[in-house]
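Below are two complexes that have subunit A in common, paired first with subunit B and then with subunit C.
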Partner chain A sequence: MSAPDPKFLSFTSQKSLTARLILSTLTGKPIRVSQIRSTSTTPGLAPHEVSFLRLLDSITNGSRATFSHTGTMFHYEPGLIMGSIDGQGAIGEVTDCSLPNTITRGVSWFLTPLCILAPFAKKPVNVRFSGEGVITGATECGDVSVDTVRTAILPLYEKFGISTAKLEIRVLQRSCAGPGGKGGGGVVELKFGSQVRLPKTLHLHRSPGRVRRIRGVAYCTGVSSSNNHRMIHVARGILNPLVADVHIATQYDQAPLVSSGDKNSKSGKKTTGIGFGISLVAESSVDGVLYSADVASPSRGGVTSEDIGKQCAYQLLEVISQGGCVTKVGTETVLVLMAMGSEDVGRLRLGRDVVGTEDAIGLARDLQKFGASSWGLRDVDEDDSGDIIVTVKGIAVGNVARKIA
Partner chain B sequence: AKGRNSRRRTYRTIDLARMMYKDTMTPADVLNKWRGAEDEEENIEEDDEDIFFKKSNQEKSDELAEDRAIPILDYDELESKWSLEDNLEALRRRFATADLLKEKIEDSGSDDE
Partner chain C sequence: MPTLLGKRKRRAVASNNTEAEDLAAAQMAQEIFQRHFEAQFKPLAIPKIPESAPIEDDEDSKEEEELEWDGISEEEEGVKVVEHTDAYARMAAMSKQQLKAFMTSKPPTNKPSTPIIRDDVGGKIDADDVSEAANLKKDLALQRLISESHLLDSSSHTLSGKNRHKALDMRIQALGSKGSILRQEKMPMSHRKGIEAKKKSDEEKRRNEAKENGVILERATGTKTGKVKKELSRKRDRGVGAPGIGQFKGGTLKLSKRDIFEVEGPKRSAGKNGRGGRGGGRGGRGRGRG
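Then we have the complex of A and B:
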């Protein structure tokens, strides 16, 4: 174990762990990740990361993960991406992913990378997230809400020749982050029914157009539904002078019940995941250009719904001002699909502050390490927006289960 | 707008493209250098000598760094930024409510390519 096996690609730290795992699964290259929170007081993989590895295990065939004693290092050997197949981790063609109540990340943290894998699967990927750790709202850890995944990330797949008609995220029970930011009680179903031989590449290098309308979802779980209207009122006050067409839906749910572990209470249940939040998506006049913003109330409380609405509206303005055709939320999805897709050169216009993030640079380096070609960067010269055009050449990983289109 | 202009000079795309795949630099260093942050000299020094020390610093910051889809934003700052009429006017160009004459010019511009 002392000398790393050369067939493993080595990475350190828990940063962009999901991106590395899906790249490893897609390219079939085993990885070795070490120094995971090695200097932290809670070393090793966090509960959400273990759950993600389990999830990968249930939708693939033959993948293997081995951990060190402390959990600060693990080896991952990817298998074939099968999807939800009965008898291989799925029942009734639905893979159940039960998340423990120690998880602090929102369900979008699982959904976004899972969706990148799904088009390459042999069979449709249907995953039902349940259990006491499913947080559908945005979280303080910086996860977007499930509404943003549905309205701002899934539509991006259409551009890759992956029909969005068979993609669906159904929220059966909403939940915000529970006490201490841990756990919720939500239930979310992902149905990803479009499997392709090879995703097409993308040409989004023209002007990103202008924002034509704003849509959104305001959600409350277990608190008065008037919070929805208060958030919407403030957000509209900021956005309406810029766009007249603002529609924000309201979602009011009762707080989810989870088992309390307390034998004294009558039902043995307690409510969790109380809170509220808002997700806003600005649609541009150019098809497929979406800007999104997300804010939810912190689990400790003490923030008024007006503040949440205001913060979300300002966050949306900030994201729009960064420009480009894809925002930070969607870059991982788009750039990974471009790199794994057909052997064409795709072009993508991104805001300067979107390319210039540690995440983007880290992703570029990871992609290169997995054998993808490096990005070309150049300035947009047709206007003074200062956007950067990223050119990505695909390596045609494709879907091994579908050799014939 | 003034801030953006002065920023642009140190903010060249070529520089980023050059540094993006340099494995000796951490992504954070690349960004600092690209943005022309004040501690540039310090960075260069570190690059030359203290690679080992720098690594341990990196670990420490990694400990706190989790992947975030939404960056940490200072909302008070944003509020003051977007309360200014100038900033809002600059952003208005990105909305469909901008005047139509400009739209025509821009559209013909992008169709040329």
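Then we have the complex of A and C:
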């Protein structure tokens, strides 16, 4: 094997692949990722990773990905982030992203990194996720539901000077994970219409305040809508003594229909993605501080809706107990935007358990490798919460399409 | 008297002793009736009534009751309260407004919604203010809200951009403006002709389609019949402050004979009422002309 091309940044393994891909696209540095599941019995890129690469290809112009024969290694040369432009992968200014039915990750796995790219695009990013692999609910892999992305992640953009008025996540069809945790039949539309020249940096280093209210969505697809009420009842039972203002909306959808895959009848349909779940978001008295939790029924079934409600309420309490101003779910978004944003020092208060995760530390290392300045970490000395203040200096990557001459 | 007393005693005794006998007699009578009935009609299907035990004294029955019923044990002194609330049905769901705000496709915003009612300078009108002036302001604001509500979109509660101009135009027209300020006055003739032609063809197409489909539309006005034009020419709008008569041209108001006649009205002809010859001839001539 020849020595790797020096212009490529080398990474190994499939961990935090999306983060590396978006950092590569934002900074314009090509990457080479090797040893992707090289010891696994199913080596190479997984279907969701391939789909994400395709999606990147359709919203950028000039990006190139070359795979090795086994798929355990690939080169990615980023292009310009264009957004959804007719004739460049979009029809009617909507990019269609069809996911195959072998995908085990939720659609939020695609949405979160895509949203980080979107403010830097030339034109609005409108992506429609469809096909037999779209799981809108939470999954067992730890992906959050679409509702959490909408209610807990998108509001974070407001702080960066990216107006959330033009952001939309439209769930046209809900779906939980299908049989064996694979596939669903959901349809989700992301509209990201606020492109900025340069995101402002963030100063969230004060106390995260106290939880003021809890909102949430209980969803069920293809099962009795009483499950919604049962989940809400139990979750409220746990949360109500702590916060009075708990309101959880219900969403009931019929099970999505996908083609049955029967050779004899091509038009045959079958239902998939049956299940239920709940997403909770706690809003703090400080503007922009959100804690979220997400639990969905496993695809094999056998869990009562009461258990799901209870689990989710406890998960929310755990997330709140971790403290900080941004939770694990939102750290990637916030830290990448801070690093790519204006050349100011931003401060972010994070819980010790949030900083101490593999994802956060891995992200710091990746950012450093891509040429972003390294983080400064210091303990909070105002109180004994044990939180850590992360200071991030931006490298002002900004939006290439909106550079002022 | 003694006999009476004796009788009474005997009867009382008899009633005490022969209660069961009376019952049997009643049953006998019933049987006789039944036999008679069944001889005439079909036999009746009477459900068997269990032999009712003769009614005992009050005290005895009370004892019996206490023996049979053992629902409340002696330890439970207080009232047992069973509360059944249908928690699922009574669940404090979000109000419709809250739900709408939260379940949109957009990320939820926790900004307080801006009040729609504003006065001219954009300041809020205090809801508690009951003074006449405040009421007038509220009235005006409400009127405007009603008339301009179709211009408001869901995203914002205040008029902005194009819609603000439209609202302004509507207000000016309501105050008596002749035309819309949005109407483009000057335009190449070819453009104007094109626009007019397009308008006409669209209208014709609409009418034809409606006719083919059997839909009855409103009566055609203008263009085709020219009714509107006639009406317009009959009553010309002279504008505010302009003289209501004659033709004002080149700084002079020219009055035609006809105008003067219309002002003066028909001459009371001198000849007829014998008011002398002054102006009689003129009057006559005027009449002749009219």
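In this text, the second predicted complex is superposed on the first by the 398 of 405 C-alpha atoms of A that agree within 3 Å, B and C clash if a C-alpha of one lies under 4 Å from a C-alpha of the other, contacts with A are read in each partner's own complex, and residues count from 1 in each chain.
Quick note on the criterion: a residue touches a chain if its C-beta (ideal position, glycine included) is under 8 Å from a C-beta of that chain, and two chains touch if they have at least 3 such contacts.
Values in this document were obtained by computation on a predicted structure and should not be read as measured data.
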Combined model on subunit A where subunit B meets subunit C, clash or fit: fit
May I ask you to name which of subunit B and subunit C touches more residues of subunit A? B
Should A:Arg300 be classified as contacting the first partner (subunit B), the second (subunit C), both, or neither? neither
Would you sort A:Leu242 into first (subunit B), second (subunit C), both or neither based on which partner it touches? first
Counting only touches as set out at the top, which of subunit B and subunit C does A:Tyr314 meet: first, second, both, neither? first
After lining up the shared chain so the two structures overlap, which partner does A:Arg64 touch, if you call subunit B first and subunit C second: first, second, both or neither? neither
Touching A:Thr39 in the superposition: subunit B (first), subunit C (second), both, neither? first
Return first, second, both or neither, reflecting whether A:Leu154 touches subunit B, subunit C, both chains, or no partner chain. second
Between the centres of subunit B and subunit C, viewed from subunit A's Cα centre, what angle do you get? Round it to the nearest 10 degrees, please. 120
Would you give the minimum C-alpha distance from subunit B to subunit C, in Å, for the three-chain superposition? 16
For the complex, which residues does subunit C have touching subunit A? 87-88, 91-94, 98-99, 102-103, 105-110, 155
Which stretch or stretches of subunit B touch subunit A in the complex? 4, 8, 11, 13-14, 16-17, 20-21, 23, 27-28, 30-31, 34-35, 59-60, 62-63, 65-73, 75, 78-79, 81-82, 88, 90-98, 103, 106, 109-110, 112-113
Help me check something: in the complex, which residues belonging to subunit A touch subunit B? 13-18, 35, 37-40, 108-109, 112, 138, 141-144, 206-208, 210-212, 238, 241-244, 285, 293-295, 307, 310-311, 314-315, 317-318, 320-321, 323, 328-329, 352, 355-359, 361-362, 364-365, 368, 374-379, 382-383, 386, 388
Along subunit A, where are the residues that touch subunit C in the complex? 150-151, 154-155, 164-165, 167-171, 189, 215, 217, 226, 229-230, 232-233, 236, 247-251, 283, 287
